[in-house]
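One chain, chain A, links the two complexes that follow: it is found with chain B in the first and with chain C in the second.
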Partner chain A sequence: MTQPVVSAQALSKTFGAKRVLDGISAAAEPGDVIGVLGKNGAGKTTLLEILLGFGPPSAGSAEILGEASMRLSESAKARIGFVPQQDELLDILTGARQVNLTAAFHRRWDAALVARLAADWEVPLDRRIAKLSVGERQKLSLLLALGHHPELLVLDEPVASLDPIARRRFIAELVDSERGERRTVLFSTHIVSDLERAANKVWVLKDGTLAWAGELDALKESVVRLHIRARRSLPTDLRVPNALSSRVDGAHATVAAASWDSSQSAALAARLDADLEVESLGLEEIFVELHR
Partner chain B sequence: MSAIARVLWTFGAAVPIQRWLGATALVLGGLALGTLALGLRWEPVWALSLISLLMYVLATMFAAGYLLRVLSAPRTHRFLPYFRARTLAAFLLIVLAVSLPGLTFLASPARPGAGLIAAPFFFMSFVLFLVFAPAPSIVAGTLVSAAMALVARSEKADALFAGLGIHPAIAVVAVWAAWWAAFAVWYLRTPAIHPYQWPPKVLTSWAESQWSAESAGEFTRSTAIATSLTTAFALGARRRAVLVLPSVALLAVLTVLLRRPGTPFALGFLLGLALMPVFSGPFASRLARRARLLWLASGQSRRELFATTERTFWLRHVPGLVVVVLCAAVWLALAYDVKAALLGRILLLWATGMPFGIYLGLAAVRGNLLEYVPAGVFVVSVAVGAWAALSEPPRLEWLAAVGAFQVAAAAGLRAFAILRWRQIDWLAFRPLRSPSQGVRGLQ
Partner chain C sequence: MFILNPQSGTPIYRQLLEQARRLIASGKLAPGTPLPSVRELAVEHAVNPMTISKAYAMLETEGLLERNRGKPMTVAARPKPQSPLRDRLKQLDDEVEALVLAARQLQVTKRDVLELLDKKWGDTDDATGRQRTGA
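Entry: the complex of A and B
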């Protein structure tokens, strides 16, 4: 069994009296592209930054590339690329100087790749960073994170400020590079369509806990919406297993359920004396249902 | 509560130090009235309540000008109904409140010194200059100070007004009214007020262009580390020295022109010099916050990051500060005839206070309020040291004790900082703040 690139065991984090993360256990295997989903304030940034060792967990443990996050070695850090939610670029420098500065930290720096990405993504490297737009700054942060061919790429809301074309270019680059280098990517985002394009796994955070961690396809197959049309009025409590939400209106009902198995459909239809229609949901709808 | 009253409340209580001073003045004022009702005349309570009130008024005078700009800058505020008019009205009410005693006295037969009466007017005008036009404020400050010195010689001013056939009180009130009317018109008509920036944009842009030109070569690993830690602070000691040079030169010219050995000005500057290390704590704390940038990039452990941050502060910032302090000392000696022994005592206090401040800032990495307790001890030690150094005759034994305490505390705090950096949490880290940063934080 391969060693996970990222692993969290019963990870919790509290700030004062506020518990932001509560017993998170999850792992990322080499080559995984994991999308971290969650509402604002769900703890996505806290989770990513604790995994990277920016702060100690209040309980549990976090490991990256087989090392404790708080005591990462220089060689382990050299294999990580990170784009924080708020960029940490130095306003006073030009884009080219910032590239030069970042390159000085890495023994393995691919100047050709950075130059190609800067041209493809239209990043004006000759301008002072203070003068760049939010989107341009984000693109610069992204190419700085890719320049040393990291084995693990951690991106906190990497495309929030990019226009759709830039987003697609970035996702394409991410998918292409991942295919070539077997890179592990962990990225948080609100843009579900990007996640569907790039990720093979999803971690869904809800109120500091992991509401779902697994294959994206499995999530999409597992959460369904049931449309129930009965011959007579339905009870308020339909007792549907793993129901996420339900709405009953006389003889009609709509239920969202997780971990749904097609074999359960016939039994439910028979119990309720109803016709049952099973609807597959898109990731965005699943996200909404998981947060009801 | 009307809109104007709400803005007035903001002007009067937005800054924490205002609230503390205001509450202190209220409590002591109540106590003083209580003693009066009981037939007691406990003068220290009266004196303290008056001092608190005076300090609250001073803090509000400064904060009001600053807040006027801070509140006026956000573009969203432009869409609030009558925002500028209401904000201005509240501000002018404060101007009126602080000017009224002086203006009233002006009309009375037993008129005290005109300089004292005009002080709030000049002070608030200067604050406005400082926050609305930071670059010209240095020049304006010089001119206003010169004007104050002129007005202070009230007999001459009286003679001048008498010659013109104008009663001095009418002239002062007319100047007062004309100035605030002109400001009101400008404030209401100016299309956009940008956020406050210090140092002025024109100076930082120039310095930044110099910096970029200077460092056009390739970064090495060590220069990359130092740049990541320090560029946010106006580009290192040499650039900072270039920034402050014009104001230092202007002040030097002013003090040479108005040279008065032994005036309270000299005492104020000496006190300022002694208090300088107080700001090194928040400064070092900000550097510790920026070490986060290097956690992944540099590959250094937390212990190594502490050493890097410490070394960067000592090598890149302290030399510049030493130059500034020595220049200030020479200037004080030349402009105010401050004796070498007194300057030596102040420099000694600075030298022992600086490490205390630096390691206090590097040890305060949790961002909780408890960290302000050693900060308070530090400020008290500096204040006691300043008293010992400035006393006549000097309290050398006190000064030695304070120096020894500060050095020992610095050593202890360094050991403590190394311990804390093992678990430094950049997710929760909030740097120490000086009172001036607290005010700027309102932006």
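Entry: the complex of A and C
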């Protein structure tokens, strides 16, 4: 079995009386691109920060590249790239000076890659950082995190300020496995469409717990919305297995269900004496259903 | 070559799978045609390459694609349906269900639908003939 790049075991975090993370267990395998999805305040940033060892968990454990997150060696740190939600750029420097400063911290630095990305993403390196737009700052932070070819890239809301074109370019870069690199990416976002392109796995955080952790494809295949049209009034309790939500309105009902298997359709239609239409859902709809 | 919509409720690998099957079955992708590489498709559509390779691997298992050392994958010389009839019928399940539902809503009788089906079948007999005799 391959060793996970990131792993959390029964991870909890409380701030005072508030429990922000509650028993999170999940792992990222090499090459995984994992989208961490959650409402504002669901605990995404806290989870990423604890995984990176910025603070201790209240309970449970976190590991990165086989080392405890709170005691990462310098060599492990050199294999990680991180872009925080609030950038840590120095306003008084030009972009080029900031690049040089960051490069100095790394033994392995790909100046050619950084130059290419700066050109592709239209980041004006000659300008002072104080004069850059929010989007330009975000792009600069991203290319600084990519310059040392990290094995693990952790991004907290990496593209929130980017326009669709810039986001698209960034995702293309993220998914382009140059020279067969098996880079692992963990990124939090609330932009569901980006996640649907780039991620192979999703962690859905809800009230500090994982409402779903697994393959994006499996999630899409398992969560459906059933449209039920019966000949007479339906009972208010439909007893649909693994229902996430249900709304009954006379002879019509709409039910979102997890772990749905098309073989269940006929049995349900027969039991309710109804026509059944099965709607497959995009991630945004699934996200909404998981939060009803 | 493929139309991929990441926002759809149908996973990307499944969209690719279904389109490739259809293009190959209809002869629009002739045997020997090279397919874009995993990386090319991933970058073009800005989607995870693992998604593309998953679909390619399944198409290879189905005997529709051939892997060539150091070269792009190609459409297999003689696509042969290898899965049992029961499994292939299961793939039609959703479409048939949608058809039945639509017919009921339009108050079209089963006989009328079968007649239409028969006519359509005749129309496309040439295109699907090879697959059917292979069964």
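Convention: the second predicted complex is superposed on the first by the 288 of 292 C-alpha atoms of A that agree within 3 Å, B and C clash if a C-alpha of one lies under 4 Å from a C-alpha of the other, contacts with A are read in each partner's own complex, and residues count from 1 in each chain.
As a convention for this text, a residue touches a chain if its C-beta (ideal position, glycine included) is under 8 Å from a C-beta of that chain, and two chains touch if they have at least 3 such contacts.
What you are looking at is a predicted structure, and each value in this text was computed from that prediction instead of being measured.
Chain B and chain C, once both complexes are superposed via chain A, fit side by side. In the superposed pair of complexes, A:Glu284 makes contact with chain C only, with no contact to chain B. In the superposition on chain A, A:Leu117 contacts neither chain B nor chain C. Within the superposed three-chain model, A:Val175 lies in touch with chain C and out of touch with chain B [touch as defined at top].
Legend: residue contacts after superposition of the two complexes on their common chain; A:Leu93 is shown touching chain B, with no touch to chain C.
Of the two partner chains, chain B is the only one that A:Leu52 touches; chain C does not reach it.
Touch criterion not met for A:Ala274: it reaches neither chain B nor chain C.
The vertex angle at chain A, taken between the C-alpha centres of chain B and chain C once both structures are aligned on chain A, is 160 degrees to the nearest 10. After overlaying the two complexes on the shared chain, residue contacts for A:Phe105 are found with chain B alone; chain C is out of touch. When the two complexes are overlaid on their common chain A, residue A:Leu142 makes contact with neither chain B nor chain C.
Of the two partner chains, chain C is the only one that A:Asp217 touches; chain B does not reach it. Of all C-alpha pairs spanning chain B and chain C in the superposed arrangement, the closest lie 27 Å apart.
Considering their complex, residues 6-14, 39, 42-43, 45-51, 54, 93-94, 97, 101, 104 of chain C touch chain A. On the chain A side of its complex with chain B, the touching residues are 13, 15, 46, 49-50, 52-56, 70-75, 77-78, 80, 82, 88, 90-94, 97, 100-105, 128. Interface of chain A with chain C (complex): residues 31, 33, 168, 171-172, 175-177, 193, 196-200, 216-217, 220-221, 224, 262, 265, 275, 277-285.
Those residues of chain B that touch chain A in the shared complex are 208, 211-212, 215, 218-221, 223-224, 227-228, 231-232, 235, 292-293, 295-302, 423-428.
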